[in-house]
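The structures considered in this document are given below.
Look for subunit A in each of the two complexes below; its partner is subunit B in the first and subunit C in the second.
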Partner chain A sequence: MSSASSSLVMLVGLLVTAGCERENHHFSEVPPTATPSASALVVSELQPGPATIAPKIDAPYDDNAYAVSEGKTLFTSMNCSGCHFEGGGGIGPALMDDEWIYGSEPQQIFASIAEGRPNGMPAWEYRLSTQQIWELVSFVRSLSSLNPKGARGGRDDHMMLKPPEVSTPKGKPKTASALPGTQH
Partner chain B sequence: MTSAGRRLLHNDSPTPGTLPGSAPELLSEETVLEQARLLDITWRDGGGLWGWLTTVDHKLIARRYVVTAFLMFIAGGIEAAMMRLQLARPENTFLGPDRYNQIFTVHGTTMMFLFAVPIMTAMGLYLVPLMVGARSIAFPRLNAFGYYAYLVGVVFLYVSLFINMGPDAGWTAYVPLSGPQYSPGHRLDVWAQVVTFTEIAALCAAVNIIVTVFKLRAPGISLNRIPLFVWSQLVVSFMIVFAMPAVATASTLQLAADRALSTQWFNPAEGGDALLWQHIFWFFGHPEVYIIFLPGLGFISPIIETFCRRRVFGYLAIVLANITTGFFAFGLWVHHMFATPIPELGQSLFTAASLVIAIPTGVQIFCWLVTLLSGRPRLTTAMIFILGFFITFVNGGLTGVMVASVAFDKQVHDTFFVVAHFHYVLLGGAVMPLFAAFYYWFPKATGRLLDESLGKWHAWLFILGVNVAFFPMHILGLNGMPRRVYTYLASTGWGPLNALSTIGAVVVVISVALFVVNAAMSARVGRPAGANPWDSYGLEWATTSPPPNYNFVNTPIVLGRHPLWDTGSPLPVITGLRADRREVLVTTAFDAEPDYRHRQPNASIWPLFLALCMAEFWIGSIFTPWAVVGGFGLTLLGMLGWGWQSSRQIEVERVDTDLQIIDTV
Partner chain C sequence: MRRSRRLHGVATCVVLVSCVVACHGPQNVLDPAGSPNRIVNRLFWSMLVVSATVWIGVVGAALWGALTRRRTTREDLEPVVDLPNDDKQRQTRLVGALIAGTALILLLFLVFDFTVGRALAEHPNRALTIEIIGHQWWWEIQYVDADPSKIVVDANELHIPAGEPVQVTLSSRDVIHSFWVPNIIGKRDLIPGYTSSIFLDADRPGTYRAQCAEFCGVEHAKMALTVIVHSRADFTTWLAAQRAPATEPNDSSTKEGQRIFLAGPCSSCHSITGTAAYGTIGPDLTHLASRKTIGAGALANTRGNLAGWVVDPQSLKPGVRMPSNQLAPKDLLALLDYLESLK
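And now, the complex of A and B:
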């Protein structure tokens, strides 16, 4: 095969896989969990014993448009918006800014949702499946454009309380200087 | 033109062979042959791949159009078969819910946008210029452009389906389901752009047919002599001009913009209106149904006339029925929305209008019945399909009158009853006449006849299969089986009728396969047809099969509604169009008196180029706004190139004395 045609094949292959993952609809499956015990998750540098290197777990659905939109539905129906509002924060911290008390990595957000956090964040692992938590993770990340653009949601079908995720500028995540428990 | 010529054209009782006042001058055979040789050189498009890509011959383009659209029928048919297999028994797992959504959406989109409308306009693009005795279509390059735009839509939809990006919100794409929140990803963007491409293609075809019918008719084809198929194409073209912009606007400027640019057209919370989508969609969608089956009805008159050896009963009534149908079709769209909270007055009005439209269609049916009963019908394959049309279409029309009533409609809305209804109308009113037309005009396009005995198997199996596949769906719908669901429980009791319906679908698949075999074989080894195998009357039969690239050596003169039956062959002709460049004769809109000689463009690559630029523009815009910038520049370039070529080629000259009427009899 000539190089031109083989690169064409590669291009088509790329298109297919890229198109596929964005468009797939995952209905019920069991993605990996990301609980600290399983992944030796670090939230702080301060810890006993030798430094550990946390294996990074990619969010399974960051580039999947359908899962992100399912996450959005869950965000409303599980009343996440009751405390975090539409992402701008209120009783709970803001999720659309670039400050992360417990980290912005997928497995860190997973842990925040699954296990809950002090000062009022409930643990959801007894209410939601692992898959649903991952969908929420990707939706939360999409609020500050941490996932690929093609998978981010467009405008909402209700009142416009914030810019749509597709057009939110990408945040540079940083760990909040404040101690956990201090409200923003 | 001489006053004698003028008298000749408008003489109501043609006397074949006599030309009052003009010295009958006969064309010798050598003159005709020499003329044909010169014309062939002038009208020939280049050879090879380049010639293939640049051709503007309306017959070549229309043939590709018909073949592509028929392939779409097969693709849509495969999807239909997959759905029927999935539904054949309760809790089947052949297609999952997500696949099923994509498949029924792509089936509906394919059948409505990529098969039915294009194949009907394509038949018009092939036949109308021949039927009105023109050398070519009015705008040959626009014609090529329309085809390529359509082709882009076809390829785009199917590539998307294969990479799991096929649209999945139904062919009607109702918001909010199709909007940004509930259809994430690009699946619905694909739908919106495919619709745009096909609307542009349909508009190109419509404009072309309107101008061809009004300005390129051979001398003598005054309005009251226009063939009935041409009338139906004319009415449909006007309907396309009014209907298609609505859906193109809704899908591109509103739905796609809501999805990509976060506009709020369809978001009630921000002052938009979700029902607006349904209004605009059905303002197009209802006339669409007539756009599909009026040309189907147009096929019927010439076929019945030919095989009954009798002029159609009620020419005027049929013409007026076409026009009223086209007119009323725009006043019914709300009958698709009876389940939404529209005011009662609106419901009554649209119920009444929906009942009224049955009248003109009924008029046509009765005219044909009279023609059939008072003629001597010959049961050829084409006629069997016409019989199938009567049975199936009338049944669909009856359920149509039923669902026009609000109380009944609320009961069966979104059930399989509706699926049964519209398949009866579409398969009976469009697909059966279309197959009849294939058997009837295939010899004209290829020079060979389709095999009649295989054809009869095809016809009977098709009619049987369609009725077995769709009749049970009425009962299923009345029993409450909803449409657009991928499976059902055994306890519903819907299993047996669904199994029967699937058997019907299998019979349909077999019959269409027989047709494909027949067409493939007959195109190569079928019986040679000659110019006029059915001994029919239209101008398309006055030229060779297949017609030469210039259609007619000399423009025929028409003295009645049935030229070859009225005057006999060969027809009197008018000479004086130049043979050394592409000229068509432009005539007046009402009486078809010679008016201008119009020079037409040669082969051109710009239509293809422009279609590709447009593809870059629309498809790219789904993924990045930069595509719009690039596409805008490219499109501008394409249009400049196109216009630059025109300014060098196209001219118009008033007709002078060098046009001569010649009686060849």
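And now, the complex of A and C:
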């Protein structure tokens, strides 16, 4: 076997292994222990005291299509659409655009869901398990295509109101210019 | 010789025992407990008996023809001589009669089949309508009433009165499921966005097992429904008991359990009538302690099973929508006391 074909076989093998995580079902697992808290989050460059470096936490389910779809189910079940609609925003801010009031990093979204935010976002940490909040985090990130394409959803259970997550262009997150309640 | 006789005896026993076992049971199409299944069974047995008789006749005739064949010798291989006219006519008549008989039997089957189909499609007068909504992976059951305060919401246990037709409307919240009570009625799919309607007519009290009959995801196999057929009087008593709101906690432990239920994640999916818990994602738990099973037939409803289910449902029914709940032991015991008080 020539070296070119053997390296091709190895490449294909590596690609196949890399794809394994995509459909891995995490049924029962100890939720990530490092639960982010608001104090470790930086949403502005203006801070009291010396500069602190917040540890970066990767979203555990960003590359897992099953978990992202579970997050999508939870998004409907927990009536997130009541305020955010199908990601387009209304009473609450839009989740499918590139503007982030409280940051687009996984731990920042986690804190927004778990601890709530001013002007109406409830705290969900007493209502959902940590694992479920992480599933929601990955789904919310998929709405503006911040997670790997292979894990994003391709269809909705209801009428398609927007292009599916899998076919939206990669998001370029930026901090929102207006705080909620002061926009328009 | 003796060995073959013993083998013969064992085989007879096995066949007889399996026949007896096959004819009874809580989940058995050949043990009709309701009129829809009874008329289908009548069609099935008639078709089976007639077809078996014809088959035995045909195979017998073929064997007879093969075994009684005249031995041919060299002298028999004479040029074919036309049969006398009489024999030829008799053969034509025989073949004609057999073809006519076959056509007649098939025609009778067709007519019988149509009558069964019409009987199944009939809309009888009914006093009771029950809504069944399929979820991944459990059954939501609502006893419809014009008075909203009399609506009963139940899960994974269908109670119906014997001897009267009950309308069941079927729909689904997520994917396609299928409702199938083998003893009482055949399958009907639960399709999201579409409501279909069937009539259950159970004729004797008993407990039967229904099963989701359309693959609906990872826990399809653990999506069972207990069907309990009561006498009319028992059913009225049961319905009245279910209409009552949940038992109020009356001691410190059950009060603490209720507080944990309402403050924790339980109440975001489950509801208990008369409390602030009104989640509709999971089964209604107003009368949880009166049910026979938990997790849609996955486990018997005992204190130990319930504890395991609350703490780690994922290891008992992997993939179930309920998340694992980390509770302090003292909180778990109080919660169990409360759940067990919900008669």
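The rule is short, and it goes like this: the second predicted complex is superposed on the first by the 158 of 184 C-alpha atoms of A that agree within 3 Å, B and C clash if a C-alpha of one lies under 4 Å from a C-alpha of the other, contacts with A are read in each partner's own complex, and residues count from 1 in each chain.
In this text, contacts are C-beta pairs under 8 Å (C-beta built on N, C-alpha and C of every residue); 3 or more make two chains touch, one makes a residue touch a chain.
Being a predicted model, the structure only gives us computed values, none of them experimental.
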item	value
Fit or clash - subunit C, subunit B, common subunit A	clash
Subunit B versus subunit C as contact partner of A:Q107, first or second or both or neither	neither
Contacts of A:A151 with subunit B and subunit C, given as first, second, both or neither	first
Subunit B versus subunit C as contact partner of A:V68, first or second or both or neither	first
Contacts of A:S129 with subunit B and subunit C, given as first, second, both or neither	second
Touched partner set for A:S77, first subunit B, second subunit C, both or neither	second
Partner chain(s) touched by A:S138 [first = subunit B, second = subunit C, both, neither]	neither
Touching partner for A:H25 - first (subunit B), second (subunit C), both, neither	both
Contact breadth on subunit A, by residue count: subunit C or subunit B	B
Touching partner for A:P164 - first (subunit B), second (subunit C), both, neither	first
Of the stretches 91-99, 181-189 or 325-333 belonging to subunit C, the one that collides with subunit B	181-189
On subunit A, positions contacted by subunit B and by subunit C	25, 27, 157
Subunit A - residues contacting subunit C, complex	25, 27-28, 73, 77-78, 126-129, 131-132, 157
Subunit B to subunit A touching residues, read off their complex	96-98, 160, 162-165, 176, 179-182, 184-187, 258-260, 262-264, 267, 269-270, 623
Contact footprint of subunit B on subunit A as seen in their complex	15-16, 19-20, 22-25, 27, 65-66, 68-69, 72, 150-151, 153-160, 163-164, 166-167
Complex interface listing, subunit C residues touching subunit A	174, 192, 218, 263-265, 268-269, 281, 312, 314-315, 318-319, 321, 323-325
